[in-house]
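One chain, chain A, appears in both complexes that follow, with chain B as partner in the first and chain C in the second.
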Partner chain A sequence: MSAFADQVFLLARRSVVRTIRQPANVVFPLVFPMLLLAVNSGGLKAETRLPGFPTKSFVAFALAVPFIQGALFATMNAGTDLARDIQTGFLSRLSLTPMRGIAVLAGQLGGVVTMGVIQATVYLSVGLAVGVRPASGALGVLVLFGFALLVSLGFGALGAFAALRTGSGEAVQSIFPAFFVFLFISSMNIPRNLIAAGWFRDLATANPVSYLIECVRSLLITGWDGQALALGFGIAAAITVVALALASWALRVRMAR
Partner chain B sequence: MDAIEAEHLVREFKNGPRAVDRIDLAVRSGEIYGFLGPNGAGKSTTVHMLTTLLPPTAGTARVAGYDVVHEGPQVRMRIGAALQEAALDPLLTGREHLRLQASLQAMPRNERRARAGELLARVGLSEAADRKVGGYSGGMKRRLDLALALVHRPPVLFLDEPTTGLDIQSRTALWGEVGRLAREEGVTVFLTTQYLEEADVLADRVGIIDHGRIVAEGTPAELKAQVGRPSVEAVPADPADRKLVGEILARFGEPITSAKGVAVRLREGESDLAGIVRALDADELKVEHLQLHQPSLDDVFLAKTGRSLEGEAPEEEQSARPGLAMEPA
Partner chain C sequence: MSFAVARAVAWRTLHNVFTHPSLLIPSLIFPLFFFTAFAGGLSRVRDVPGFDFPLGYTAFQFAFVVLQSAAFGGVFTGFGIARDFESGFARRLMLAAPNRAGIVLGYGAAALIRWLFTVAVVTGVAFAVGMKVGGSGVDLFGLYALALLLNVAALLWASGVAMRLRTMQAGPVMQMPVFLTLFFAPVYVPLSLLKGWIHAVAVVNPLTRVLEAGRGFLAGSPTDVGAAFAAALALAALFSLWAVRGLRNAESAG
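After this line comes the complex of A and B, so read on.
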């Protein structure tokens, strides 16, 4: 293993280890989305009787949401941890070594992606346990994991960017509700074509989060939907590229040595 | 070749004062150089520039033979640094810190475990090695910080106020280790401090910095000699003897003020002390207290800046730390 790969691996492992050592950072991303899934599945079950609703199982329909919620938690955790490293001077300690600065970002995001995949495994396992059968089959599950990885990476990079620019865990946490607003004005609870209020349908259509949810949803309940996959992966990739570029720039500024 | 060289080094901050103002440094290999100064004098800013954490606004600096601006990675491979606050992850154990640091210093994988164990033993943390650092005391964190700075056996070590906030036992232990590193391993140590005693005990040479400028430099003895000769203070056992004791002391030097008794600045230096004792004895004058005062580094600081260093609070030059609010001009 090259020195760079070794450093990234150890920094990613540190990211995972310290996430695991903060039970709140593990429990909330796992439990909160599942609780919301249970509440919504109970309360909104009647939606499945709407003409044109894509499935008879509301759990299958709603299971897409935790994947995106989990990524949002990853954003906050990645950002907060990195901000803490800045506040405690740990980033300066890393800066005092000959390693390349980008290893810090790669390691941190490696940890975020690992946690994202673990979360996706839990969400999918819960879904399978309550009877959801992914319409796209085993290959679709692999694609689903690939998508979860990409979304975790993109949102994690956004969190890292916020941390590197502000250097404050509180500032990173303050942007979390803003991300949640995007989630709630999306198609998380009802397909866009069935939203009756025109203004809400327009907002959901303009909201990129809708397409991330619909990408996961297509794999779970529709099967292979090329348009949904292209939009979902395209938007996730665009977010990831932009967020990584911003985070890399912020890291260079922060670690100006 | 000097281990640390700086020429006309300057650091300015936007909307702030010139934190470091054209300082020159030449620290020889294997030397312990004490950088002494009060709060905000520019000590930490200088360390941040020399360790490549902060680019200088002007001037040049070379550490271990490499330019801090243009050859940063080479400098970082050859330095160890323990900055003002022990920058540790409270969620990792001491051993995990050392292994991570060894990896980031590109130490071969098969050496990391042994080196971590060796350093943990050296700083007395073997028993606490697998405990999370969040539960360590201040002294333990400082010792771990020092161990981290030494992982890759750097020839140059920067210690930024390493004993601030430590109890006397921890402080003495750290002094012992720093002294050993210089004497036995030939490590060059650049040590910032505002403790006069620390500079006096540890440093081969001392640079005194104030308002970003070096106002005095030399060995502690040289600096004290610049200030003047030692003085003797005597407190008679019987206050009625004060005048007689004063007359005897006056034979050995010029009287100076004393709050408790009488005092003189010795004409010949400390060799006069025996003569004073004999003269007092010959006149059967009893003294309750007789003390020789050597000029201290605080006297030097007072002479050079018009202010005293004693009683200064620990330095917090946070604005100079990378990652915090102040931006380069």
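After this line comes the complex of A and C, so read on.
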């Protein structure tokens, strides 16, 4: 168990260090969601004047989005880094060592989760700095971090699965727009009950990303909403379990000795 | 001789784009996707007190999407220029071309044709989902003319960056300022409904004039036309200097 923990720690540290050494991988996931938050919260502030809009602060409403967007970036980073390990032969060399395959995955995802928590800290700090006060209080902030951790793990595992199946960084990058579609066809910019176009409301309702966003949003602007939390955590846990199972299977195939 | 170079560069660029779905699809999908997400998802914004665009939210967003597709069409072509430099093709091209300004001209022509294809699809989709156009419909071409100038300006901006940095890693440098300038205009609501810092930024943003005039053309009641064309022409002129100096930079780098 100790050797396994060592292996995981070393690979997680490697994952974090090499992410930090590539400024684009650190700056882009931190800055881009904040820029989008600034643009949307400025441009869509008028939306708070619609009858039934749940808050007077559009920044508080929109602050949920960076948490999920940051997880999407984590997916890309995790997948691209792992794909690079495959392309450079690092994974093949690892498979010649006694290292357990699951340690490779756990180490890689440990790095992703660490970056996810750092991102969540930055997003929340920016939110607090511009006057957002989480309605669920300090305990809600802890739950928010737990959720960010779970979502990073789930999406990171999805990225790892894509990398292990394709073995190509370009292929992993090419699925990024698909994730963006899920983000935009959701309740990211307006509550689902206020979406006027029926077909769009149906798509947003069927889209699991809506519930991830609404889970974070409930902690920020509503307080304790059992249904939103159950749906958000349930979907995040389901994504994580399925993605981990797929990634583990793909890893076994990739590292067949 | 410049035109022979331009024709060859344009043909090669277009051939690459239209024979590689991975290059063609993003420039086609992104405007459609923004159109769907904004016109569909945010249509309730038309009910915000003070929203006064007469043709509805679909047409309101169509003007933005046309301009956005034009700007990003230019940027995506800039990615191709960076790729040509990274692969070494552009260096061989510069050795072979008697007049290197033709290279920029060729990329510009390719960007324009690529955007015309995109905007034809976007327009078809917009009419298919019931977008209304005010006036006689002829004014719509004023919107396309503004977008065309924006396409040229964005291509010149992106090519200037590509020829200075000569790597695909320059992608965010080309894309991010264009993205921000577009989104710091009144994208979701008319300028009069913006408040605070975003209003102050939008007022000085040259694309605000272009966007407001484009919406005016669409509504059949042109407004701020002179200022909009002046802003678009000024951007194109400014970035043509930027691109020419970028070309000189690439030449001196060997």
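By definition in this document, the second predicted complex is superposed on the first by the 256 of 257 C-alpha atoms of A that agree within 3 Å, B and C clash if a C-alpha of one lies under 4 Å from a C-alpha of the other, contacts with A are read in each partner's own complex, and residues count from 1 in each chain.
What we mean here is this: a contact is a pair of C-beta atoms (placed from the backbone, for glycine too) under 8 Å apart; a residue touches a chain by one contact, two chains touch by 3 or more.
On a predicted model such as this, the values are computed, not experimentally measured, just so you know.
Novice: For the overlay on chain A, clash or fit between chain B and chain C?
Specialist: fit
Novice: Going by the contact rule set out at the top, does A:224 touch chain B (first), chain C (second), both, or neither?
Specialist: A:224 sits against neither chain B nor chain C.
Novice: Can A:145 be said to touch chain B (first), chain C (second), both, or neither?
Specialist: neither
Novice: Touching A:182, do we find chain B (first), chain C (second), both, or neither?
Specialist: neither
Novice: Counting only touches as set out at the top, which of chain B and chain C does A:96 meet: first, second, both, neither?
Specialist: first
Novice: Taking the C-alpha centre of chain A as the vertex, compute the angle to the C-alpha centres of chain B and chain C, in steps of 10 degrees.
Specialist: Between chain B and chain C, as viewed from chain A: 90 degrees.
Novice: Tell me which partner A:10 touches in the superposition: chain B (first), chain C (second), both or neither.
Specialist: The first partner, chain B, only.
Novice: Shortest C-alpha to C-alpha distance from chain B to chain C once the two structures are superposed, in angstrom?
Specialist: Comparing every C-alpha of chain B with every C-alpha of chain C, the smallest gap is 17 Å.
Novice: For chain A, which residues count as touching chain B in their complex?
Specialist: Listed in rising order, the residues are 3, 6-7, 10-11, 14, 17-18, 21-22, 85-86, 88-99, 103, 167, 254-257.
Novice: Okay, in this complex, where on chain C does chain A touch?
Specialist: Interface residues on chain C, with respect to chain A: 22, 26, 29-30, 33-34, 36-37, 40-45, 47-51, 169, 172, 180, 183-184, 186-189, 193-198, 201.
Novice: State the interface residues of chain A toward chain C in the complex, per the touch definition above.
Specialist: 24, 28, 35, 39-40, 42-47, 49-50, 174, 177, 180-181, 184-185, 189-190, 194-197, 199-200, 204
Novice: In the complex formed with chain A, which residues of chain B make contact?
Specialist: Answer in residue numbers: 51-53, 55, 72-74, 76-77, 79, 81, 83, 85, 87-92, 96, 99-101, 103-106, 109, 132, 148, 321-324.
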